[in-house]
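The structure's right below; bear with me while I get my questions together.
Chain nomenclature is as follows: A, B, C, D, E and F, assigned in order of appearance, with residue numbering initiated at 1 for each chain independently.
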Amino acid sequence: QSFAVLVNGFVCKDPKDVKAEDFFLAAKLDMPRDTKANKVGSNVTLINVMRIPGLNTLGISLARIDYAPLGENPPHTHPRATEILTVLEGTLYVGFVTSNPDNKFLSKVLNKGDVFVFPEGLVHFQFNPNPYKPAVAIAALSSQNPGAITIANAVFGSKPAISDDVLAKAFQVEKKTVDWLQAQFWADNQN
Amino acid sequence: QSFAVLVNGFVCKDPKDVKAEDFFLAAKLDMPRDTKANKVGSNVTLINVMRIPGLNTLGISLARIDYAPLGENPPHTHPRATEILTVLEGTLYVGFVTSNPDNKFLSKVLNKGDVFVFPEGLVHFQFNPNPYKPAVAIAALSSQNPGAITIANAVFGSKPAISDDVLAKAFQVEKKTVDWLQAQFWADNQN
Amino acid sequence: QSFAVLVNGFVCKDPKDVKAEDFFLAAKLDMPRDTKANKVGSNVTLINVMRIPGLNTLGISLARIDYAPLGENPPHTHPRATEILTVLEGTLYVGFVTSNPDNKFLSKVLNKGDVFVFPEGLVHFQFNPNPYKPAVAIAALSSQNPGAITIANAVFGSKPAISDDVLAKAFQVEKKTVDWLQAQFWADNQN
Amino acid sequence: QSFAVLVNGFVCKDPKDVKAEDFFLAAKLDMPRDTKANKVGSNVTLINVMRIPGLNTLGISLARIDYAPLGENPPHTHPRATEILTVLEGTLYVGFVTSNPDNKFLSKVLNKGDVFVFPEGLVHFQFNPNPYKPAVAIAALSSQNPGAITIANAVFGSKPAISDDVLAKAFQVEKKTVDWLQAQFWADNQN
Amino acid sequence: QSFAVLVNGFVCKDPKDVKAEDFFLAAKLDMPRDTKANKVGSNVTLINVMRIPGLNTLGISLARIDYAPLGENPPHTHPRATEILTVLEGTLYVGFVTSNPDNKFLSKVLNKGDVFVFPEGLVHFQFNPNPYKPAVAIAALSSQNPGAITIANAVFGSKPAISDDVLAKAFQVEKKTVDWLQAQFWADNQN
Amino acid sequence: QSFAVLVNGFVCKDPKDVKAEDFFLAAKLDMPRDTKANKVGSNVTLINVMRIPGLNTLGISLARIDYAPLGENPPHTHPRATEILTVLEGTLYVGFVTSNPDNKFLSKVLNKGDVFVFPEGLVHFQFNPNPYKPAVAIAALSSQNPGAITIANAVFGSKPAISDDVLAKAFQVEKKTVDWLQAQFWADNQN
């Protein structure tokens, strides 16, 4: 009986059997993607180990991010990766917040060709401040499976919901505000 | 001229010069700590490399956490560590949320002597559901400098503030709500 | 045909299938354990990846250690972990020995609430110097499977026995002394 | 006296002192670069830790690569990084060779938007097969300081030269051929 | 149904089932090996995880290298290992080339008992300058599966061949020279 | 003012300044070493980062071990390295003991040219069973600074001595036996 060798939960081929296709994806990263499918006005196209099996154990992935006018990639973290990003089209207001106790917010307006780094695990975002034009970025992440945690979705959109006692005290709002937030529709911007 | 050898930004001693004191702290982890100094009703006493220099490069730290009645250690992440926790006194309602796209909330009520694990980088919290009695936990983290990001503080209490355009869209609330939140006093619960 | 994904020899679940129980153990770490089952008068209750499957790959574990009056956790090493310990009850005389050529012995008497660090791979012990009262500690280790090597047991209690020629020369004793030692009953203090 | 903290040979700032500029570069990655300065007809603009100090320890870097018509990024290795690449403009014929004993050559023609992975340490190249039009790619590497070894330059352009006895036998050519090659001008394509 | 646990693609045994044979090989590293089976006049006998299963995850391997008079271990890289070597018999002229842009060639003539280090991923070689006597070395590598890329074989002996357009431009030679080289017989020196 | 860059407590040179000498040592590993300077009849000549600065961060070291007739490299551990060994001259009886609870002793008699592996952190030894002839081995270790802990020396020869209460109970001997052992002269076999 024969079965696949698994590393990190993904199949690892015998080196004798690898093909160029294991390291390739016709990803169409040159094409604009729909930014209207969610409320935040952005779309992350991530090329990770689920999409290119040959990336397994190699510690890197790549993404195209489309931003509608005034769209944003909302505050989120990557639990297993640092991100480096460059702007292909438009302008982006980007930033991250350092950890406790300082919670310093470091931000920058990026123009085409600029590069910015979001250190591993920190809360960060990108926002397209232009009300008329879309923006596009290419980002790379230091893991073949970086993960993403959209803060608002994890906090107010979890399934099942976190107790409103917990969230009301944490965010200094009333429980009915938490309940209202938890009743909204939360969907992340990756597809 | 002589100067200290630095690794990870901390002093590393020559093995010939180390003393027991470099690996020791009279931390009084047996003593209750004040849980009234912040709005969330908890107090994290973290013993990390800043407090025991000998921990440098060794990848572990230890904490005592005190919870007031109805107090909580609010939703937060550790960018560089997994946490394992046991309850010394009282009862805790604990949980964490998995990353996108599922944002599954896994929770449990812990009694004295129970153990729970919060995987690296995920949003998690502990809440004392008892309105009369305090609770106490001991937690260990898989880094000598795990870092902590209290979600509400990083998002609404950063210095300077994140643009309310960004946060209003991310959290599906009005900008004036964001402005009100940003005007509150945010302080983390570690000291 | 379907089978489990294995990492480090342990099952890794698909993130979609994880449950809170995978990260939880009703470990009763608040309860005293029997310290009379072995000759050294101590009992290590280790919560590692064998007991909480969700710990796999996460690099941490937790233990409660009970000490009888004059009991000890005898000289041992952890081949894959640093240990950080705090005293919950009683008093402990603890120490570790640095590697060749100095073999410096660093020791300390710990009272309730004190914290001490045993660096990865070094020979260390804890001893309860009080002839009347038990002691209790909580320890954390920087591996989900730290391993433990009780020195006396590995050297004199191995199965089969190490040649007495080797041990007589190494320990500067006669072979009959080695033979006598090897005939004793050696059992470690973890269960 | 005060001096900088160094990690990996680069300065690490105290978290309290970091600024957005430490994580930013006005890199002009949107602008075509000169591909005529070297014989191979390409230009690699690498944004690594030497250019963005905040990348230190974070394990990632980013590059823009310009290719003249029929230009190439010649066979090379990165001793410390895997590379993932996407084509922004034009077409690229790319490939890598597996290690001994098979030395399998895996290749692909990439169009705009396609993605390809070059595993850590393997010999790889990109070639623009179009005789009229330039090509452009964005690549990410899994190290803040990936290093690059252009094979021909390392072998025939080292300073001082490797003995022609060694190279003649290794490459199955006459020593005068080696001598002629070593007399050429070798310069890498990064600047 | 039972099956083996796999890590890195190799079988990992349950610790209860390991035997001394899993960590042993009657490798005959004391015996001269044939150096006439290939054109470069050397023979690398590598003891890695394929030959001693117990090496899996342990990060080291060992090799004996035999050199004919004027034989060489031609320029090659190890994508996953540093090498440290000592000369058992004869004399070796050894060296490595640093990465771009300097491509510095560091070399040394080694006599019996001398030790030299080849850093991970760099192009290096050993050459026996003695026209009458063989040489022998023992080398250790910092991976249980270091891999080896013989530069000439990877570049000119890949299967299928790399386009001669690419190689002619990279090596500054005519395409017919590339074609002639690709028509030679390339075989590595490990068996 | 200028000063050296330090990594792991050792100097790291700027790549532009490295010389072949930084990666070289005239170690005379071909020469027999004195095995009479200590009571165990062996001599370990370790080539680590203290002796070849260029090894820093590269994760490997090399040793020659000489054994007198009936000499041994007594039971010891390496806290940071796995060891792979081959016999150059003579015969060796070698073994290691697995960790708790099994403490299985795996052993083998090695002849010239045989290879054996001692996994990281486990107690192991080599013994020359021949009463007339010396033995010689070459060993490699998976760290540039593996460390060594000779068990008997760490336990009975530490400075200051470990309390005889602790050792008497751990080794099931009387305190006067411990006291006698602690009064012996303990010196390790590396120089």
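The rule is simple: a residue touches a chain if its C-beta (ideal position, glycine included) is under 8 Å from a C-beta of that chain, and two chains touch if they have at least 3 such contacts.
Protein names from UniProt, one per chain: A, B, C, D, E, F = Germin-like protein.
Bear in mind that the values here come from a model prediction, so they are computed numbers and not experimental data.
Peer 1: Using the touch definition from the top, how many steps at minimum link chain C to chain F?
Peer 2: Counted as steps through touching chains, the separation is 1.
Peer 1: Which chain lies the greatest distance away from chain A when centres are computed from Cα atoms alone?
Peer 2: Between chain A and every other chain, the largest centroid distance is to F.
Peer 1: Over half of the residue-numbered contact pairs in common: that is the test. Which of A-B, B-C or A-D passes it against C-F?
Peer 2: A-B
Peer 1: Rounded to the nearest whole Å, what is the centre-to-centre distance of chain A and chain E, using the mean of the C-alpha atoms as each centre?
Peer 2: 41
Peer 1: What is the distance in Å between the mean C-alpha positions of chain E and chain F?
Peer 2: That gives a centre separation of 27 Å.
Peer 1: Quick one: which residues in chain C touch 2 or more of the other chains?
Peer 2: Correct list: 3, 6-7, 95, 99, 102, 104, 107, 119-120.
Peer 1: Mind listing the chain B positions that touch chain A in their complex?
Peer 2: 39-41, 70, 72, 74-75, 77-80, 93, 95, 97, 99-105, 107, 119-123, 125, 127, 129, 147-163, 165-167, 169-173, 181, 184, 186-188, 190
Peer 1: Mind pulling up the chain D residues that touch chain A in the complex?
Peer 2: Spelled out, the residues of chain D in touch with chain A are 15-16, 18-21, 23-31, 47, 52, 54-55, 58-62, 64, 81-84, 86-88, 95-96, 98-99, 102, 104, 106-108, 110-120, 138, 140-142.
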